[in-house]
């Protein structure tokens, strides 16, 4: 980074801005910050963003013109800066034209499918399991969530909850270099209360669909005796199953895939506490 | 040059009503390009031949470097031509993508390396889209995993199936026939095998609904078709065929056996039990197994379930 | 130097576009999620950065009027003040981050806070952490550059005929402040 | 434009031969820490040619696999990795640094009459960042390769295993090298021009490098942020582009193409700059419409930022945005058309000698015209729906990139070879190679136009039997290209040792770099020349000397 700081091509310009200008600008900036924070409490709806942006632009131009001497430098500097801002504006304008006008011609093509699909899935999951783990929100989803019912197509038949993957396609993969070797962990202290919660989670999160508890090999490796076990990764490196590997495999399953198992594990909304509870349950068998 | 219904040198046959408009635009631009290409290359070859340097110190005969009239013409003429093409192109695009009201609607879902077609009455076909001829058909595209793209060259339509939202495409097939479907957005290992067929049926044949009952592909017995579905639809992940106990009970020797059910009296495995377990798996769960099986209602129609049951019967 | 500043502005423009698009797709979630941010800490950070911008501007001015050869305590003091203020900006940031990590307001799959019941609240925190994270990295780079300038100032390298490194360090720091001026209202107030 | 007076310059060049920049300081160490723009240019040249060969071999592998349907020489996974790496090697390692960094570094200061670029150390930093980037890319290739296509489209690129993370960081680093070069060139053109070298006396190649530098500086940071977000997506699962977590994959395409379309113009503009030099030198005629060409370079640089949406007509982008992008795409086509027509007009009344660089210039004219015209099919929304992501697009961008930039690259290679290394290459062999390139190129890629319009999709490992004959023709074309490139390596490298000494101005060109000895001395000019006339003042036949 420091290479181009030796730009001796810049030349000297001996314009010394009087001290009073600096203090005036500094004062103005403080006042404007106070104004922005104060205005934010009143709710003007969409105009809120506009006002905030306006004030921010005033502050920014103050800093740029006086503190950064744009006012006194030769015109080329401010030209470059404006040229840059022009391209930023282009990037904004065209991307937002696309995002805003997606649903104009055919309302189905708008971005809302996502929310309906997820709402449907959450509703389905809510019905399927009465004793909802804490992760699902308290209120029942359906009524007050604005699922627009206008002329859109009849809401799609909610697909079944994540079905176990179809015949897993085992394609050859190389993985990034394996995690560094960790010292083997001591035996796992099982806390019976957590194990109980883990049992319910093991079912509701459909871990059972791919991981057996009795040692038999399914779509995924078995959970029996997994704690502290040395697992061989697809690219030959070994990893000791510990807290970090356990969490990571749940959060980003495809990061380290065990040898001759397909990278078929989906990303599931599981929190750290829940993962730990399942760990206790698995170790309590 | 323009391809009628049998397809010319450049373009495949015109399967849909909108294809004609696209081909017209294609030919206009094509002949324009040929004209300009011949003009420019001809000029280059002619100048090179005419002004070839004979002797080493032969100098250029003219040093003219500027001719406002010529420069003006070759800036504005292409500009006007290009605006005409733009306008025509946008109009064709709108005809090609905005579906008329009351079109027959099919939900198309792309997933890693196969296309599923869900009809309004719930029938689901994989790899085959049955549509009526001479009726507008609107496709509601979405994807389960990555971006795929639904491309039917004969109808000149292509639309990405984006996961997480719907995109639409429409066509009106002119006559009964079969048209090839490609996936044109790179989606992994078998991107080139993610093919499907659009089977256009006559009005009567379509309404008769014989196509609804999916039938085994030609030359394949019902049981073999069941085996093929066993692999494709996902049973293989939890039910083995060699007797080993996976997430679910093994299919080997399952048919006709007595199974102990959790919390209910044991039951003899027959067609009804298998059909019920496929449609509503939580109803009867065999002892010692987790309630992990998802329901296949809406994914498998009766013909497919019969085929799978036939296949299970063969596993002694 | 201004060309380099433009590349930085364009770098952050990508994040601002991502902010706008994601906010427009799920506005309901955005309003609820932004309530969890602590406005007082944000305001303190803004004041800290503005004062540091002010001190570095004064430093540039002092360097301009500095006579050759004489060591200038004031210049070194101002630069030190700027670096110190940058440090305390990072400390405030550290508190905010640890508070969020503890509460589970994390991006993407790591999110486990359940106070917000709109869809995909983790997107807000994804954008929040990306913007403030990248800005934080630029604050650290700014600190390194300014400390390097300060060390040279201690050796009396800068006087009215040669003060370019101070000016460039100052420009870079003003840019970091500019970006925060836009970040603060967008994330905390709106 | 000749320095001071025409006659003096010629005598000056034949002055006693001084030690040139190549062997003034011997030893690898001097090469590795050099800040001489010429040495950095030469180092760039070797690495860029190496990447071109890597990309070329990968291309031959792809075409060999597509000889017949089904598996010919490799499985689907390897094929997907090979075509991705062909894309990445060619785009990031060869064509973006290609002409600007290799020839730009060498020639720009000479053309401006400067002793070196504005920031020599930044120039060396740019080369080393390029080396680090390519090493990271090679590491990614070895550690399992990437099979997402050079466009890294999400959510495929975030879900798939394989060393995508390493390749994203490699591209991120390479972006910096491109920014540093761009920064350097802009400041050099502004600040380091020789006295008397006003803006309308700049050689057109300098205009082109200047326009490229603007794009490099303005667009590459957005690539940086895109790759950063992709890396965060893979590492932390942030979810901005991942639909499972509520993100929008089309947003990634906006980010990616905002950089990548201007990057396509970063590839072609230097090629156009070289073209202006070649056409004028070998037609011994002043350029036709100097101002038009110079302004259209800048116009392309600016308008190239408005058109990226034409890559996404069928990707779920809204029809209104598509309409705007389609209209602006046609606006950007006009300056390119103006340039080609101006070059053709330059040929009128010239005294044209068809040496190898001129042959490549003619190929550029013909092939780039086809590339540009077929672009109209893809810019029009109606036809693009049918042609998008098919072999028609593959043929289009190969005609523009290979038919345009690579022909200009070969032309520049042969044109400045005597100046860079002081040796002449074997003219006859070079001509044969040039013809082989032309024939091989057209066989390979014209058939792909037909393949594409008949509906053959892109990036297909296996295809339907009806496309087989066309694929066979296309693959046979690549053999000509392979042979031609091998010949080129042969006679160019042998010319380094056995080539006869090159005079200062073998082609009789008028721009400043030909007024000094070849290869030039380390600090280029003894004293900075004052410039009195434009760069293309050739005498008219019959006019008083």
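Going by the order they are written in, the chains are A, B, C and D; count residues from 1 in each one.
Definition applied: a residue touches a chain if its C-beta (ideal position, glycine included) is under 8 Å from a C-beta of that chain, and two chains touch if they have at least 3 such contacts.
Since this is a predicted model, take the numbers as computed values, not measurements.
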Practice problem: Name the two chains that are joined by the greatest number of C-beta pairs in contact. | Solution: B-D
Quiz item: Which integer distance in Å separates the CA centroid of chain A from that of chain C?
Solution: 22
Quiz item: What whole-number Å value describes the gap between the mean CA coordinates of chain B and chain C?
Solution: 49
Quiz prompt | chain C and chain D: spacing of chain centres that average the CA atoms, whole Å | solution = 38
Quiz item: Which parts of chain B, given as residue numbers and ranges, touch two or more other chains?
Solution: 97-98, 164-165, 167, 188-190
Self-check item: chain C: positions in contact with at least two other chains
Solution: 3-4, 6-7, 10, 13-14, 17, 21, 25-26, 109-110, 119-120
Quiz item: What parts of chain D, by residue number, touch at least two of the other chains?
Solution: 77, 159-160, 183, 187, 218-219, 222, 237, 243-248, 250-251, 254, 316, 319
Quiz prompt | Touch relationships between chains, expressed as pairs | solution = A-B, A-C, A-D, B-D, C-D
Quiz item: Where on chain D does chain B make contact in their complex?
Solution: 76-77, 80, 147-149, 153, 155-156, 159-160, 243-244, 246-250, 283-290, 292, 313-316, 319, 322-323, 326-327, 330, 333-334, 337-338, 340-342, 344-345, 347-354, 362, 365-366, 369-370, 373-374, 376-377, 379-386, 388-390, 450, 453-455, 457-464, 536, 538-542
Quiz item: For chain A, which residues count as touching chain B in their complex?
Solution: 105-106, 108-111, 113-114, 117, 153, 156-157, 159-169, 171, 203, 206, 208-210, 212, 216, 218-219
Quiz item: Can you name the residues of chain D that touch chain C in the complex?
Solution: 179, 183, 186-187, 217-222, 224-226, 228-229, 232, 236-240, 242, 245-248, 251, 254-255
Practice problem: Show which residues of chain B lie in contact with chain D when the two form their complex. | Solution: 7, 9-12, 21-22, 25-26, 29, 32-33, 36-37, 40-41, 43-44, 47-48, 51-53, 58-67, 70-71, 74-75, 78-79, 82-83, 85-86, 88-94, 96-98, 145-147, 149, 151, 153-154, 156-160, 162-165, 167, 180, 182-193
Quiz item: Which part of chain B faces chain A closely enough to touch in the complex?
Solution: 97-99, 105, 107, 112-113, 118, 122, 140, 142, 144, 164-168, 188-190, 231-234, 236-238, 244-247, 290-299
